[in-house]
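Presented sequentially are two complexes of chain A, the first with chain B as partner and the second with chain C.
And now, the complex of A and B:
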């Protein structure tokens, strides 16, 4: 198929992905969303690499240290002017008389001297305050974000891969395979989603990897439905018939010829599922069924907030609420705009 | 109609079999030996031996599966591993509590979002429409958790308008004292998505020719919107509402945990935390059956509401 000489001077038409990218970037709102989401991803990646927030679990301030703008004292009952003071024990003769360890005091002192005890100067204020254990909320919220975003992306990738694969097989082959996969789909959708997740969580135990697996293996159904319908539409197109005529194998037709033509739908689904799974992870961790308690995620932070609020410590709630909502809102808007750019005919949900 | 019903009922059997198989595989193959799970909770080895016997763990897998199928058929899932109560008793005690909250939410959500949707769809494209839709999008992005935690603190604790948490034995006290705040918070979360969905249903109807005909005949705007448009839009709206029915029985996990409401949602979370498999298995199976029945009812509802739909 050689192009006619006349059209060789005509401009090369824009590729699909390039055109979609141009449509997406033309929208200022999309640029803002992408910028915000990128900041989160960069922070999460840096945190995952251990470059920042690796020491989130250490004590930086006093318990419930105030955020900087509240000053050092009010309303922290352990603030600088507080009347609470640490009790110190004076060792006098009376003490020595009753303490069976008394003869060893000198030895104990001497041994203790051998160890260099470095105590960090605990701060009265921190940029966004501290939690009950004096952990810096900036570090903590970054680490929590890393975990929540990792779970969201990991589970979404898994769900999209499973859903796309099964949808492709079911849609392309039809017949028995399709019937079987439809049956599996019906089974998975006949149990309410959150209950299905909990049933899986009940047997798998806790851990970041398990929660990714649980969300991924229960959340593939919407992707499957969409991709299957698309494969049924595509399999009778001329280019598939042409590939068939050239002797392409089924696997080649499914994954090399058709897949690139439906992959934009998978991408939109991926973006949608990341938001859904982050929300699901937050709720699961809040209920104590998600990320293990020695780790931290946005859901665990909200769980800790419940007892703090009664004491008037609102800064952890404010931090996690704002950080999480900004991410979810901008990622959600980005998903909508991505769908408009990649799939202009689709109606918004 | 009757034949259709029977054929559809017949078709649900493979799905039900699939759910039974899924639950069986999950809990019997991946769930691990109950003896190991219960080692810390139940001290007496006789009790564990009885449970192993009940589950048929000393028998081959197909016998275990058959025992489970018999449990499903007779609706007898045995006793809870933690409390020793029968699972059927637990469910029949807890489900009404969840329903006390959820039925109110279901009805109020429908009333509020349908009336708002009609109003907004009528003025579609206007500033009001775009403002309401914008608020909905923002409201949907915020996690349910934040509504609950902040709502409980501000409305219950700081302003003291409602009790912070609690539940009583009297239905009247529950409805008047303890239910209002959870219901209100759940409505804040549920109205936004319903409103957005119902608006698209109604807007779609207003573009049809019959609306223009009705206006041309001189029907009042109220008549056009409420008699002509809404009646047609009610078909997808009712479908959506019917789909929510199974969820009403389990209630909201978050709300029930935060407000200490002894409903099925709280029970499920507790059961998962305690590895109380019989309770989770029973609730999963019941809910799946309920969902299948509701799907069937929705199909029947279609033909009843819309005579154009033919059931074949």
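And now, the complex of A and C:
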């Protein structure tokens, strides 16, 4: 009799989230998307832990080293076939006669020997090639992914928390509270988005945390709007009136009764914003207001591409574009399928 | 079935207009899952005949009509090859979707339960009628179609059709909307009219008018009618033949007189008996199980005496209660809409006050105002001499324990993300009853047993239960606080007839055991008569009559009460 919930052997009932998870995993496309996205997350986590790509900033190859599949002989001023241009200069009497520094060459070399460091032998080719400073693009794109994904998820979490909280308060209480929040919302949305972000960034300076804060505090508006509307709808539902009749406090009604019934919307918003913010970070970095120059993100990589393309060095662009698109597309698809799974009525096709 | 012979006789006499033969419909629910909605049912509708399909939710009555109309979703519906649907001798299932669609509206048309959602809110009713007339090429020009639309509105009894043709659905009352739906259905002179619960969403008095309209139209236009309803009593006045369905099977079919006078099937007998009747008040209502087990004699059950005496203890005194809503008029204007006007009553311990009225009469608002779920604008609600309306929120909190509410729709009033255990423990946690959660779980288990559920249900979620079980759970939630007063806001209106009886029996048993006082709000006069000691009739926010139940039903004073009682379906034959 006591604690019958524990002793009974009835099968565990399927809650809302469990059922949604089952519906999500029933879709093969969703399984593929989840697999791809998890690979990215694992790489980002390993990179954040310093286990891989910690040495992304070091010189592994010659400047603009070719990717493997192009080989060493692909026409490239810095490739192996350009060695002719690097032939050592022969210093003969004729040279000495015109070169005022010539008498000191020996001394210079002697001094330089003292500072000689053990230098890695630079490769002529790397798996995906190298950038201008000879950095390995594989390591670079992993490190950049870590930063971009961190920024995207951090900012999306912040935006969803702010938006959900304000939306819940505004939608549930209505009246003056709602008016005030609507006013704030209108001010935020009346300023062009990119201008707002630039203004925030200009005031707070550079840094990854800054970007997260900037994107989070400017991106909450869509979540706020959605959650507010949902709370207005839910607050007049019978189960809220029933909670009221039982004597539940407002906080209890807002966060314990209604929130679980709207949280799937927040979740979908979260995953949509992750993609949006990764793209926004790219734009910000492209404009030079993003991640500081001593670190790297997908946006910075795209920014660097501008000057390289003129030289015919397309592999950094190809790498970052493919890596980023695969992530954005599979995360976006995952978001769509998640929304379908959370709303069983919408899945009838 | 024992009733196969009259069926064939009928078919021989006149060729049937619609023949449904061996119809089996399955729905694909998942990759492997299939649900069989209809198990090879057969019935026929002869010309000029009204056939009623009667059954509870899930009986498949609507599915069979939708199959005739070709309105079932193509993607997940399987109609087995043995099924036959013949209209006027032509096999419907062999026709192309385009041919089927041409028949819809033209030869077969359908009206649905809820006129508000069936009409398009952004077009005037005239435009919607004109669209149908032109679509089926009944009227060559727009002007002719418009003139015909006005004629049709007149035919279905809309007053001043010339003006009303320009109005939008929201400007019409529920009854008028249903009349417009009927006008649309008969616009192309169909030979068969399918009416799917056409009066369920309407008030009692309107219900009666719509029924009369349908019967008259059928007679004057020589149509056949397939009348789908859950209410067996309603059918008696309109149908020639009755088909009783249950869970995709036909239980019984026969002429209306035979079904009502000498039902052959136990299920039909149960359906007839478990609706509370206006002339009887058994101690316990019979439920379907009683009949399915075998013969059950209704007359053997003792009658219950009801009524309030002057020496009963009063637990709640309501005086001159008034509730108004601000309504916007124009851009800046605002006027007060009076929802509840000057209502006073006394509620005695262990007794039931039934509040009757049509939709919009203010009965639900009254219940919520007493519980302070709505703020009242005047009057007093006194409990033990304390005016509850004057208390602050914190001072009112202990009184919430003593007054609880059961809502109409159990699906909406239980939080879908809570387990049953969360739902039952919450009130005890809020009011800090019992020492610790272990004791509370024990109490919740006892409550579940009391309402006829088992302890293993504690871990389930609301969507795993049926409507009747959910209503039991919401009653258990209220009982967790051991209230003195329970406001029941249409607690059985959303439930099937057989479940209604079970829940009413539960209410009665709880009252007998704990002497709870009920404020029982309902539009269903039979139910109110059964459960109430006293009755208050409300009309447009005002209290028009208030008195002991039996006296009020026997001798209604106010003309509105008289009209209301006269409109109860099936009343004429019972009395």
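By our rule, the second predicted complex is superposed on the first by the 295 of 349 C-alpha atoms of A that agree within 3 Å, B and C clash if a C-alpha of one lies under 4 Å from a C-alpha of the other, contacts with A are read in each partner's own complex, and residues count from 1 in each chain.
Assume a residue touches a chain if its C-beta (ideal position, glycine included) is under 8 Å from a C-beta of that chain, and two chains touch if they have at least 3 such contacts.
Small disclaimer: the values here were computed from a predicted structure and weren't measured.
**Q** For A:108, is the partner it touches chain B (first), chain C (second), both, or none of the two (neither)?
**A** After superposing on A, A:108 lies clear of both chain B and chain C.
**Q** Where does A:15 make contact in the superposed view: on chain B (first), on chain C (second), on both, or on neither?
**A** Touch partner of A:15: chain C, not chain B.
**Q** Check the residue A:200 against both partner chains and state whether it touches chain B (first), chain C (second), both, or neither.
**A** Only chain B; A:200 stays clear of chain C.
**Q** Thinking of the overlay built on chain A, is A:247 touched by chain B (first), by chain C (second), by both, or by neither?
**A** In the superposition, A:247 touches chain C alone.
**Q** Let me test your reading of the model: by the given contact rule, A:332 touches which partner, first (chain B), second (chain C), both or neither?
**A** first
**Q** On chain A, which partner's contacts cover more residues, chain B's or chain C's?
**A** Touching more residues of chain A than the other partner does is B.
**Q** Where does A:51 make contact in the superposed view: on chain B (first), on chain C (second), on both, or on neither?
**A** It touches nothing on chain B or chain C.
**Q** Indicate the residue numbers of chain A shared between its chain B interface and its chain C interface, in ascending order.
**A** none
**Q** So in the complex, which bits of chain C are touching chain A?
**A** 31, 73, 75-76, 368, 371, 373, 397, 400-401, 403-405, 407-409, 412-419, 421, 426-427, 430-431, 438, 441-442, 445, 455-456, 458-461, 464, 474, 477, 481
**Q** Across the complex, what residues on chain A touch chain B?
**A** Chain A reaches chain B through residues 183-184, 186-188, 190-192, 194-196, 198-204, 279, 282-283, 286-289, 299, 302, 305-306, 309-310, 317, 321, 324-325, 328-329, 332, 347.
**Q** Over in the complex, which chain B residues touch chain A? Could you list them?
**A** 14-15, 18-19, 21-23, 26-27, 30-32, 137-138, 140-146, 149-150, 153, 157, 200, 246-247, 250, 253-254, 257-258, 268-269, 271-273, 275, 277, 280-281, 283-284, 287-288, 291-292, 295
**Q** Along chain A, where are the residues that touch chain C in the complex?
**A** Spelled out, the residues of chain A in touch with chain C are 1-5, 8, 10, 12-16, 26, 237-239, 241-248, 252, 257, 260-261, 348-349.
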